Amino acid sequence: MRPSGRELNEMRSVSIETDVTKHAEGSCLIRVGDTHVLCTATIEDRVPPFIKGSGLGWVTAEYGMLPRSTTSRMRREATAGKQGGRTVEIQRLIGRSLRAGVDRVALGERQITVDCDVIQADGGTRCASITGGWVALRLAVKKLMKAGDVTTDPLVSPVAAVSCGMYAGQPILDLDYPEDSEAGVDGNFILRGDGRLIEVQMSAEGATFSRAEMDTLVGLAEKGVGELVALQEQVTA
Amino acid sequence: MRPSGRELNEMRSVSIETDVTKHAEGSCLIRVGDTHVLCTATIEDRVPPFIKGSGLGWVTAEYGMLPRSTTSRMRREATAGKQGGRTVEIQRLIGRSLRAGVDRVALGERQITVDCDVIQADGGTRCASITGGWVALRLAVKKLMKAGDVTTDPLVSPVAAVSCGMYAGQPILDLDYPEDSEAGVDGNFILRGDGRLIEVQMSAEGATFSRAEMDTLVGLAEKGVGELVALQEQVTA
Amino acid sequence: MRPSGRELNEMRSVSIETDVTKHAEGSCLIRVGDTHVLCTATIEDRVPPFIKGSGLGWVTAEYGMLPRSTTSRMRREATAGKQGGRTVEIQRLIGRSLRAGVDRVALGERQITVDCDVIQADGGTRCASITGGWVALRLAVKKLMKAGDVTTDPLVSPVAAVSCGMYAGQPILDLDYPEDSEAGVDGNFILRGDGRLIEVQMSAEGATFSRAEMDTLVGLAEKGVGELVALQEQVTA
Amino acid sequence: MRPSGRELNEMRSVSIETDVTKHAEGSCLIRVGDTHVLCTATIEDRVPPFIKGSGLGWVTAEYGMLPRSTTSRMRREATAGKQGGRTVEIQRLIGRSLRAGVDRVALGERQITVDCDVIQADGGTRCASITGGWVALRLAVKKLMKAGDVTTDPLVSPVAAVSCGMYAGQPILDLDYPEDSEAGVDGNFILRGDGRLIEVQMSAEGATFSRAEMDTLVGLAEKGVGELVALQEQVTA
Amino acid sequence: MRPSGRELNEMRSVSIETDVTKHAEGSCLIRVGDTHVLCTATIEDRVPPFIKGSGLGWVTAEYGMLPRSTTSRMRREATAGKQGGRTVEIQRLIGRSLRAGVDRVALGERQITVDCDVIQADGGTRCASITGGWVALRLAVKKLMKAGDVTTDPLVSPVAAVSCGMYAGQPILDLDYPEDSEAGVDGNFILRGDGRLIEVQMSAEGATFSRAEMDTLVGLAEKGVGELVALQEQVTA
Amino acid sequence: MRPSGRELNEMRSVSIETDVTKHAEGSCLIRVGDTHVLCTATIEDRVPPFIKGSGLGWVTAEYGMLPRSTTSRMRREATAGKQGGRTVEIQRLIGRSLRAGVDRVALGERQITVDCDVIQADGGTRCASITGGWVALRLAVKKLMKAGDVTTDPLVSPVAAVSCGMYAGQPILDLDYPEDSEAGVDGNFILRGDGRLIEVQMSAEGATFSRAEMDTLVGLAEKGVGELVALQEQVTA
């Protein structure tokens, strides 16, 4: 029934290649089907003004799409002179989600910036960014710990994300672009490896959903995130 | 237990004063406790380029806060030279939510812009904007129907919104500012009068939540929206 | 002869409601006919860089119009990405005018920002902003004095403003929008309660005026400001 | 008594050199003492959208200061990314003033843009821009008439401007920079050659003025503008 | 003598992987040592306004660096709100260079946009962008020809680029970042496969060069470009 | 053969008028044929952050064109809200070129900003800006030395610039606008008075050039710069 022939509760094939750039403290290229996102983590000794002197660390994120990561070319945001509303929403979500897995006291007064740049898009770029962003963050923190700059592991529980939605009346896991553009209801679910929920964003454009459908989608998300967390742990072991 | 002395499942007192400005096709001043939002609806005969010639209508929203609607003065966004990320997120949410109650074929090729301007803020401004915005929209559509410009009522089911969250370990309904700034988990629930969900945004800053907590919060939201819809119908009867 | 049936030298009915928002140090809603402006005054302990360390205070103003304060909806300036030329002119005028009634030594090294937001426009918004802005300023200064932060009253003489113009060949006081859009000559007169002039801006778009007409308009303005100052004193007594 | 040794009612020496650039349809370099402004007029066959098809013409103006036209270097507005509030105010004033001398029906559906660029500033740049701008406009219109594109002279009466103010308690004509920075009251007076007033902007920063002082300053302005108009007519004869 | 141990006239190892994204009409990932640039070519049926209706085609380019393509993280240009001066210079150079190899009549009235995004930087990103950009362009044009949309090959002669400079008093070919940051004289040479020069940019920051040195550097460039063109032809054969 | 009747190797008539504004530390008006550029040099005691405390000085440049310096009116960059790509390229080139003639240790920790504003354009504005900019710089440095603020002359060798290109198949010196708009190959050559090259920018839009042609153009540039340097020395003697 799905255009790709997948089962309702089947994710696309996922791979995470680590250490793909030589400059970043942590990096990976995550591929969720045809959605490819390059994630890098940068450690800096400064923190934003609002926590200066607090002893707490900070994790933030930025998100971008290469102009031809999409079917037809998008205008480059640097040329447009600003980040669009969708970009701003997504990068705030990524940062907030990653922070839910971080012990900011243990991190100490430093900032880690996770950049997620979409090389090729086929639906679910924000979820892939969170899942891959966590891997880059994990690798950067490893360096901090190896160097002795951080002694207690500040990463409490892995963070991963997946989308679920109602497609042709059926609940499905991990929407690709053709599914996403048809789905009336679309949700992003960010969870930790310990099963706790971090963020749920269910949204209907020109449609609505029932509580029962909501429950089913949460269940699918728990399955998908479980698989993603297993992969995250394997590649960062 | 709540700073205001309210019950866990008790909303603040809500009032909606209609027809508060002489220029707008529809308008109201909604007061949810000390949160006061002025909502106006403007009808225009043009639609955005992406639906020109489709025969479909469009409903969109913009959101703003007066500089001194808050405890300490905020910088005016017009002076800053752009709308902040939070503003953009909120006005996209308002527009998407209202559209879920609209039959865009019945509306015909015209645009209704709902402006929500916060006069005084005390938590829950986005939810008050949606609830009040629906009233302004309803009043504007009434004018269209009275004038015979629209013959089938394009408003399918009323739309209202309420926030719920975990405060001091308890699930509470309709957070005011002191509660909102302490709550680890905070959700916005947008529903229709017929009980269908339109949007769920649950978010934890520096915290997480369980499925059971999620379920409880949805239940509180259903109660709150029921009360709001009753008031909407009363003031627009 | 006037569309509203007013006498040539008759102002619209004016009311000033004080303490209309709970956060601001001073606030009022001024209604000059159908022109309604919300004015708030914010006290801050910092001053602009150019007077830091001088011991002098500063009073400044910002001005905005809600998008649907006008007959047809205006674009929101925050969306446009900048304040228009008219807005900038008006807010500079408001600030300059209010400062003419202030003893900046007595105020001490602090800043008071007066925000004037037009809720509904029907001509004369800048004059209503000055008159109402003075009331907000007066109320904020009262708090400073009551708290003992300021010992000598820094407000020297009340400041109020009114427009006058040539309409259908006749000099008239306090133009409403229908008059303003027809008047060839239009002036804004800002005076103090002691009768001293602060600012005169007479301007002709597509017309000119004689010295005799100028003199008559100044006379009308003196009458109008007298009435406004009496009301200011009454509501802040 | 004046720093320059001038009489109270004495203007600086004024010269207007015409046809100073080869590209513009009209141009002059006006020198009012040490204030030097290059004015050019550009004729274009298009008009702004709001008068398209009306048969009416338009005259508009832009104003700029070279970065080192002032005692200490100013930031270039193109680098700052926008025109400052002062610049916007001035160029709106120039355009409005020039239009008061133009018969827009006779001009026909075309636009003339007057650019006023300050090469060297020593007070009174906006007045010099108006006076010189009129000369550039006059020369451009002459070309239109010579070419037969316009048959009735659209320039009704010359437009010129001068500043007056209260300096050390005395009313003075044509303030230079040292006077301008000391004057408590400062006015710009734009008049036509036939003695009609176009715009009066009297403003007090940290001071006020009486009606009698106002009257005296208008009288000085009439004298000054008379001299400027004589020079305008001489150089464009 | 070179930090990398290369001969003075030896290029870094170069590879070009083609068809690396599924959406773009042409694409490659070029690696010049540790400098990695993703190049995509997008075909659109519209052309810029200045050639509309001329029958001529257009080739243009945009350039960007991922924030962590560099040793320390750079600010994202979309966040900064504009492209920096260096970016603008580079993308104008890429477009101009590629056009020198294109017969715009044969291309027909369509636009090809070449996006060059630096994934990892180690010196020479603009040269790698031109060399890789040509490959993306070549692949896109192949599709046009295969589809019969273009009948005469519009690509006249391949275009490639290399940098040369004076390092420690010696002329060297293809500077990597450590060499580039030490070199007093630095040149970018863009040539066609037929040996004709397209662009020469020799620049000295805090140094100068003689005519003899200039001649030597041009000779090195001819060698390097010869090798690059051979590789371009091999991967697009 | 040239439109102007000049010999292939003949420059336009050049004049440099010094001390043309009273505020700047150094200034000149350079006229290269009908290209007129006003150059001013401003000395400031602060330096950019990246050299603060280094003891080194800095020379930088800004460039602008008056809106009607060109045949048809250009949009004012301050109105457009940013400097265009061409402007940014040119001002970076001017700054870099001038610095090649400066001993930044001898200059001491201060900044000189050279502003080049084109009053009238007829081709070659960037070269005229460099040649005139050097004169303004020279005059400003003279003041520093006269005042004893600088003891060793920081100006090592004069800097001047000229354009050369291929026009109708012939190599020509100092292109004016009609030649520039026809020339397929166009180069800017910046040299020092001692014959050393600082910058070579040869560029072909829709054309290419051979090494032999390149060599000829360099020879012409050497001749032209020789003449310019002689004039620079004469007017600053």
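Think of it as A, B, C, D, E and F in the order they're written, each chain with its own count starting at 1.
Keep this in mind: a residue touches a chain if its C-beta (ideal position, glycine included) is under 8 Å from a C-beta of that chain, and two chains touch if they have at least 3 such contacts.
Composition by chain, UniProt nomenclature: A, B, C, D, E, F = Ribonuclease PH.
Not measured: the values here are computed from a predicted model.
> Hop distance check: chain B to chain C, minimum number of steps through touching chains?
Step count on the best path from chain B to chain C: 1.
> Where the centre means the average of the CA atoms, what chain is farthest from chain C?
Most distant chain from chain C: E.
> What rotation angle superposes the Cα atoms of chain D onto chain E, in degrees to the nearest 5?
Nearest-5 rotation angle for the superposition: 120 degrees.
> Look at all chain centres (mean of CA atoms) and spot the one farthest from the centre of chain D.
Relative to chain D, the chain with the farthest C-alpha centre is A.
> Between chain A and chain F, what distance separates the C-alpha centroids? Give it in angstrom.
Here the centre of chain F sits 51 Å away from the centre of chain A.
> Using the average of all C-alpha atoms in each chain as its centre, how far is it in Å between chain C and chain E?
Distance between chain centres: 59 Å.
> Indicate the residues of chain C shared as contacts by at least two other chains.
In chain C, residues 82 touch at least two other chains, as defined above.
> By the touch definition, the chains form a closed loop. What is the full order round it when you set off from chain A toward chain B?
Traversing the ring with chain A first and chain B second gives A, B, C, D, F, E.
> For the complex, which residues does chain F have touching chain D?
Chain F reaches chain D through residues 21-24, 27, 34, 38, 40, 42, 44, 62, 64, 66-73, 76-83, 87, 113, 115, 117, 119-120.
> Give the list of chain D residues in touch with chain C in this complex.
Those residues of chain D that touch chain C are 82, 85, 88-89, 92, 96, 99-100, 104, 187, 192, 196-211, 214, 218.
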